[in-house]
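One chain, chain A, appears in both complexes that follow, with chain B as partner in the first and chain C in the second.
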Partner chain A sequence: MTRSHILFLNLTGIALFLCLWEIAGRAMGPSLLAAPTVVVPEYIRLLMAGDMLRELAGSLRQMLVGFGLACIIGMPLGALMGRIRTIDLLVHPWVSMIVVTSAAALAPIFILMFGTGFEFRVAIVFVSSFGYVTLTAYHGARGIDPKMLDVGNAFSTGPVETYSKIILPALFPYLITGARLGLIHAIRAMVMAEMFVLVGYGGLIFQTGQDLSTAPLISYLVTLMAVSVGANMALGWAGRQIAPWYDSKMAAG
Partner chain B sequence: MSQSSEAAAMSSSADLARIRMRDIFASSWLPYLASICAGLMLWQLISTQLPGVIFASPVAVADHLVGAFASGDLPARFANSLRHMILGLGLALLVAVPLGMLMGRSETAFHMCNPVLTALFAIPSVAFVPFLIIWFGVFFEARVALVFVMCVFDILITVTAGARNIEPRVIQAARSFGANRRTTFFSVLLPASYPFLMTALRIGTIRAVNGMITAELFFAAVNLGEYMEDASSVFDSAAMLSVVFCLSLFGLLAQELVKWAEARLLPWHVRS
Partner chain C sequence: MATKLSLNHLNKSFGRGKTPPIEVVRDFSLEIRDLEFLAVIGPSGCGKSTLLRLIDGLIPADSGSIEMDGRDISDKVGGEGRGMVFQSFDLFPWRTTQANVEFGLEAKGVPKAERAPIAKKYIDLVGLTGFEDSYPHELSGGMQQRAGFARALAIHPEILLMDEPFGALDVQTRDILQNELLDIWQKEQKTVLFVTHSIEEAIYLADRIAVITPRPARVDRIIDVPFERPRREEIKSRPEFLEMRQEIWSILKEGVTV
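Coming up: the complex of A and B.
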């Protein structure tokens, strides 16, 4: 299939979706589902008012703290788990447990521990993205081709060179993929935590749910979607820039 | 003579003991046990540093669990919660599996649906909660809907990716042996799909457990959600941690169950 053919199908799909949405929106009325023609003017109004973007920026800053912590701790831990069996055996069950633990169930406990402020949101974001970052790094470190390490040995590289020239480049695509996965979960957790305590962008979403029209609610969701897709694409782009072998390793994206 | 035979017997029994020790270490449960013990000790250590109101010790949680299970309160609530989880998961599978197969096998369908689905997937599922309240209220229907929303996209993406990656060679082989469309579907495509359908089931189950408790906390608090809210209003961290612990354990067990079923049902699909 050629590029233009694919693009045509993409656009047809989007147009079809918008048409269906418009018909459903007209049939149900804006209090149940605002049609795209109602949402667009409302979206521009909210964009001009500036509240939406200000809240979003504040929420994202807090999210990035939690996500950054998860990367700083999770990536080395995952790499160590992949290379050293004892650490893997000791840590793996608990990391799997963190992955399956629902962030929403932890929210009431974290409120007791940290209050409802900055620390609470950072902790929730950390817990929900940590497992994914760690496990992806773990799979990367485990999957390092032993032949490459043998080549290093044959050329008698020292431990520092082995690490910086073989292990790190082989691990890199997985670290980026882990960051992309973790970021999706971090954004999910950020919204969930903020909806729980009614602050920030999540609080905004929850409170506009009680309005008469669903147009502002949809506008907030669209912005959130744009941020999520944008951040994911930016990480993928950064991965390709820093490590051109990224795509060949990560064919599935 | 007797001495040497004794020595030989001793050395062989030492060998035997060593081999047995190695077997035990190689089997999966002992490191598992060590890991769990180490984790529990760490938890105990942290909890002694903090006030019990904030963070209960494992002993307190175990104590609470025994009481809650003996009275039958927690199991009854858990069983009630499972109702909307299973219904939501079932509906999600019914919708996502056929759609995912269609998107995976037809290039046209894939390129038409992919942008919209990627966009919808990017929106955190909890953000749909206000919508679900408007459409379904705050009771059983809303909970089922949230579980559905939380797992449907994950299942869809897994099934689509799996169906797209079915080895073209096996289909070509079937065709060169003169298989018609029906035979190709039932004896080639379908068996080739079982592995990723199992993966989708596993991922969907974990998401559904997550959705089950999220729904009970965000809509009207019932069952386990009510249990947690009651506990949080009297600062009973042991009760809250008990619920989280049970949920995590349940999620892990469900995941292991699907993996076990996969190994039993699909012996040709060996995973490392």
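Coming up: the complex of A and C.
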């Protein structure tokens, strides 16, 4: 299938969805489901007013702190778990538990521990993304081709060089993939945490849910989706810029 | 002729949990002469790759010793005059041709300014001029193996260890690279230990052929290859060539279990 063919089908899918949405929106009315023709002017109004983007930017900044911590701790930890069995056995159960536990279920206890401010939101975002970042790095480290390490040995590289010149670059595609997964979960967790304590973008969404029209609510959701998709694409792009072999490596395995 | 590398009574077995260990190499001795091209041939699974890994120090021998020019290198891992060319090329996908060829030099601590011209020289020698900045996934299998040669040659090894380097390539590429290897070998004056399972390849390339019978690996006999150098394709159809191929096949056949 050619590029234009794919693009055409993609756009047709979106157009069909918008048509169905318009029909459903007109049938149910704006208090239940605002139709696209109602949402678009509302969306432009909110964009001009500036509150939506200001709140979102503020929330994303806090989210990035939690997500950054998850990467800083999770990536080296995952790499060590993958290479050193003792560490794996020590921490794997905990990492697995964090991954399967819903962050929403942890919210009440985190509110008790951290209050409702900055620390609480960072903590929720951290636990939501940490497991994905760590486990992806872990699988990457476990899957490092022993032949690559053989090459290092054959040219008698020391342990530090083996780590920096073979293990880290071999891990790179996995670190990027882990970051992409983690970031999506971090953004989700951000909104969820803010809905608990009614601040930031999540608070905005929650409060708008009480309004008579669903148009503003849908506008907020559209922006959030766009940001998530954009962030994910940006990380993928960054991966390809830093490592031109990234795509070929991921395609190969 | 002087002995370059001598393998003395090497033994290696691999443990398999509770079952008795498999003896892959038993009391293996072989002398490789200075500047000769020695082919080691045996059926697949006979332990010849293990043997090469022992010689390169990638795995330790259970007992026995390896000497190069009379000095004991049994415990030395990699390097130390040995350059390895791998069957599956094993270039680093995150490095360009240039950087892959420089890898061994980096490990030896050669300064950056000196690495580049050395790497370039060997990239040119193996015919990869113009592909210095390509990544392995942009190269064909034959070109990747050329880079693999260049990487091994760049560290100025006294002996080149080659583990079925053409095994993963198509026949045409294999034939071309065989001839280029012979050219490079003559230009660079290296001792080569070449592991293969192709009888024809062994006869075409080598001065001597060590025929290995399997499990545990041992040298059945050493055959001198009489053909003059430089060799050209036409010797492959000479009666002596075919006769020798038949002779080696009949030795190997006894050890082959399919």
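Note that the second predicted complex is superposed on the first by the 250 of 253 C-alpha atoms of A that agree within 3 Å, B and C clash if a C-alpha of one lies under 4 Å from a C-alpha of the other, contacts with A are read in each partner's own complex, and residues count from 1 in each chain.
Everything below uses one rule, namely that contacts are C-beta pairs under 8 Å (C-beta built on N, C-alpha and C of every residue); 3 or more make two chains touch, one makes a residue touch a chain.
As the structure is a prediction and not an experimental result, all values here were calculated from the model.
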{"item": "Simultaneous placement of chain C and chain B on chain A, clash or fit", "value": "fit"}
{"item": "Which superposed partner A:V160 touches (first chain B, second chain C, both, neither)", "value": "neither"}
{"item": "Chain B versus chain C as contact partner of A:F17, first or second or both or neither", "value": "first"}
{"item": "First, second, both or neither for A:T214, with chain B first and chain C second", "value": "first"}
{"item": "Touched partner set for A:M48, first chain B, second chain C, both or neither", "value": "neither"}
{"item": "Chain touching more of chain A, residue-wise (chain B, chain C)", "value": "B"}
{"item": "Touched partner set for A:V151, first chain B, second chain C, both or neither", "value": "second"}
{"item": "CA minimum distance (chain B, chain C), superposed complexes, angstrom", "value": "9"}
{"item": "Doubly contacted chain A residues - partners chain C and chain B", "value": "252"}
{"item": "Footprint of chain B on chain A - complex, ascending", "value": "1, 6, 9-10, 12-14, 16-17, 31-32, 89-94, 96-97, 99-109, 111-113, 184, 187-188, 190-192, 195-196, 202, 205-206, 208-210, 214, 217, 220-221, 224-225, 228-229, 232, 252"}
{"item": "Chain A-facing residues of chain B, complex", "value": "31-32, 34-36, 38-39, 50, 53-55, 107-108, 111-116, 118-120, 122-131, 133-135, 161, 165, 206, 209-210, 213-214, 217-218, 228-229, 231-232, 235, 237, 240-241, 243-244, 247-248, 251-252, 255"}
{"item": "Chain C-facing residues of chain A, complex", "value": "145, 147-148, 150-158, 161, 165-166, 169-170, 172, 243-245, 248-249, 252"}
{"item": "Chain C to chain A touching residues, read off their complex", "value": "56-58, 76-80, 82, 84, 86, 88, 90, 92-95, 103-104, 106-108, 135-137, 155"}
